[in-house]
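Read through the structure below, which is laid out as structure tokens, and then see the notes.
Lettered A, B, C, D, E and F in written order, each chain numbered from 1.
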Amino acid sequence: MSVARILNDDELDDTAKAVFADIRATRGTDFINNFWRVLAHDSALLERTWTSLKAVMAPGALDPLTKELLYIAVSASNGCEYCVRSHTAAARARGASEAQLMEAMAVIGMASQTNALATAVQVPVDPVFMTPVIEGSDT
Amino acid sequence: MSVARILNDDELDDTAKAVFADIRATRGTDFINNFWRVLAHDSALLERTWTSLKAVMAPGALDPLTKELLYIAVSASNGCEYCVRSHTAAARARGASEAQLMEAMAVIGMASQTNALATAVQVPVDPVFMTPVIEGSDT
Amino acid sequence: MSVARILNDDELDDTAKAVFADIRATRGTDFINNFWRVLAHDSALLERTWTSLKAVMAPGALDPLTKELLYIAVSASNGCEYCVRSHTAAARARGASEAQLMEAMAVIGMASQTNALATAVQVPVDPVFMTPVIEGSDT
Amino acid sequence: MSVARILNDDELDDTAKAVFADIRATRGTDFINNFWRVLAHDSALLERTWTSLKAVMAPGALDPLTKELLYIAVSASNGCEYCVRSHTAAARARGASEAQLMEAMAVIGMASQTNALATAVQVPVDPVFMTPVIEGSDT
Amino acid sequence: MSVARILNDDELDDTAKAVFADIRATRGTDFINNFWRVLAHDSALLERTWTSLKAVMAPGALDPLTKELLYIAVSASNGCEYCVRSHTAAARARGASEAQLMEAMAVIGMASQTNALATAVQVPVDPVFMTPVIEGSDT
Amino acid sequence: MSVARILNDDELDDTAKAVFADIRATRGTDFINNFWRVLAHDSALLERTWTSLKAVMAPGALDPLTKELLYIAVSASNGCEYCVRSHTAAARARGASEAQLMEAMAVIGMASQTNALATAVQVPVDPVFMTPVIEGSDT
């Protein structure tokens, strides 16, 4: 049970209706998952979130599957069950194989281990890692 | 300054010496960053960590650049400055462009936002997301 | 199912009984939620925790509703379902409207996004933000 | 030093220039802090982030000071130094007294303690807390 | 329901079979918990993880019960229900009394509180705490 | 630089003075670290925090060194540099050897890895781990 009630299609205001229509058109399916049905209680929040998500996850310098794997990595680190499950399904829908998913899990586990070690021992940053790697020339 | 002193090459035991030699051979550089120089206080821990990291980050079903981006995503979520900096440098060394790095940052930010929203509102997982996505057939 | 069994009123030692009596008097209800029934296994821990919570959440320079919203923000960031749910109920009991709760959720989401971006890109702190904002004169 | 170089005003593309102009107009100051100067490497990300932040932090059902305190709570929980410092300064600018700031700190500390206890002992959620508190009627 | 299907003993490859045999021999029980049955989808990951865990948790400078309590502390901080529950059971199996478990919970709660306070107020590290406490002489 | 100015001994109110005196008597040293000097801005918060910390860290069912190691584990997981450094110094002062500290680091790293894996793959809790392990009989 959610903290906020899951809204049905006939309980939406006009802004929320337009967002749901765009989600359906973008994804090519009539299915709207619970995350959006809860955000619809605040249709301005719903619209901002969907608009940003759509822009961020669109193909660009990184392909959509890589972006879904990054999404899983962040979601697992933050302990968000909903997000781990929904974005694992999304990665699968974008063609992730089981071997790719398991390798991503292995990287997530490994990074969590060395993160904890580096923090527990307070390793000082090597001077060579302090140089900005994004300079501005190729963006 | 680290919680543990940074060890020089002439302070290593034989196990640690062998690990440093393998890091140098694998990476094709004489440089050993501080993380390994601190772990060398416990050479069994050093060896296990390096052996696992080498296996996890090797090319497999995912390419090394994707793995470095996943590493950054986890490290940022865990707030590990050392790891964010060292793995951003590693991603750059593996060919990440500025546009790719900035897009990864955008996904990390977006995921953190929807993670927090989903947790704050306690969105119930849609039944369709409860199906295991790793079945075992193609691994 | 809890890691520790939920204690009933007739299983409490004298310290725990006194704490439960004070919770009931303070809140004006006979209901004691599971959190306290589990802490009661260590009645010194129960007493310290309740005494501190009662002091912290009392009206002061901030009103009780603002404090409950802050509690939700921390609880969502830490991924504590129990705490998100119980303090959302508490905020509601203190008069939070649905619009206020949804706006708090939006701030929680936004902050999580910019937190992750600032950490992922390792933005250096502007010198102007390094000045202490609490000087000691008005406390 | 940031992972990405801090951009000056004369290195911005047109989108970034427009965002900086809006930040200056909205805040009534010429000062632009480093967070935005780094995001400017990806001006679409800069624009989305600023537009959302401006909407979220505007007066609504919650006042701007309460929103800044919530921002600090999330930022402290996520361990983001940049965000803790910049939003504490912002809260101060919106009139937060030293007593209000210290009380917010006390709530953040208290919530972190009971979050950890509830998770460590895996307290089961009381049925009364499972009812949705956002029903949709007053939004 | 897991993201990955729980594997039965007759679905394992030879590497996974050998790991399961070693888990059984090491623990002196036929029972294999779900964590390992899921990792078995990637038997190289399974083998690396088990080998490291077995080495880390073996008696050494710290006794196994202390190590299990540390495991619970990390797991509670990371919000991992599975890990909190399985390692609390393991601590119990290694002789932890209820009083010891509750005291560990109290430390976990206290540390979480002062962690949050120190971060929220950005307490500067006292110079005396910057000296490395691990020098290398007694390892 | 802290968000709140570090207070000197001659800026304390009577409550804070009494707490500082008790810290000095308890620890047998005149040194008061920055954490307490910052909390002193709100002497009620200072007093509650010190009183609780003193009770929690006193010898009981667990010895003081084990408690300091648990404190480090939580602090590393929460990414609190101040707390990692001050409690590592405290553990050292309570007799922790370098080997013990490095083993604790190894457990912290290992737990972080399996936490992340269990969450990323959403391993379902084995029924045997759902039984309460704290029953109430030996406390």
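Note that in this section contacts are C-beta pairs under 8 Å (C-beta built on N, C-alpha and C of every residue); 3 or more make two chains touch, one makes a residue touch a chain.
Because the structure is a prediction, the values reported are computed rather than measured.
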Pair with more cross-chain C-beta pairs in contact, given A-F and C-E: A-F
Interface copy of B-F among D-E, A-D or D-F, judged by whether over half of the contact pairs recur: D-F
Cα-superposition angle relating the copies chain E and chain D, to nearest 5°: 180
Rounded Å distance between chain E and chain F, as computed from the means of their C-alpha atoms: 19
Computed distance of Cα centres, chain E from chain A, in Å: 28
Gap in Å, rounded to a whole number, between the CA centres of chain C and chain B: 33
Chain A, residues touching no fewer than two other chains: 1-4, 41-42, 49, 52, 56, 73-74, 76-81, 84-85, 88, 98-99, 101-106, 108-117, 119-122, 130-131, 133-136, 139
Category of the chain touch graph - line, ring, star, complete, other: complete
Chain F-touching residues of chain C, taken from the complex the two chains share: 1-5, 7, 11, 41-42, 44, 48, 51-52, 55-56, 130-136, 139
Chain B to chain A touching residues, read off their complex: 1-4, 6, 31, 33-35, 38-39, 49, 52-53, 56-57, 60-62, 66-67, 69-71, 73-83, 85-89, 91-92, 97-104, 106-126, 128-131, 133-139
Residue ranges of chain B touching chain D (in the complex, touch as defined): 79, 84-85, 88, 98-99, 101-103, 105-106, 109, 116, 121
Chain E partner contacts - residues on chain D that touch it in the complex: 72-73, 76-77, 79, 81, 84-85, 104-105, 108-117, 119-122
List of chain B residues in touch with chain F within their complex: 3-4, 41-42, 45, 49, 74, 78-80, 134
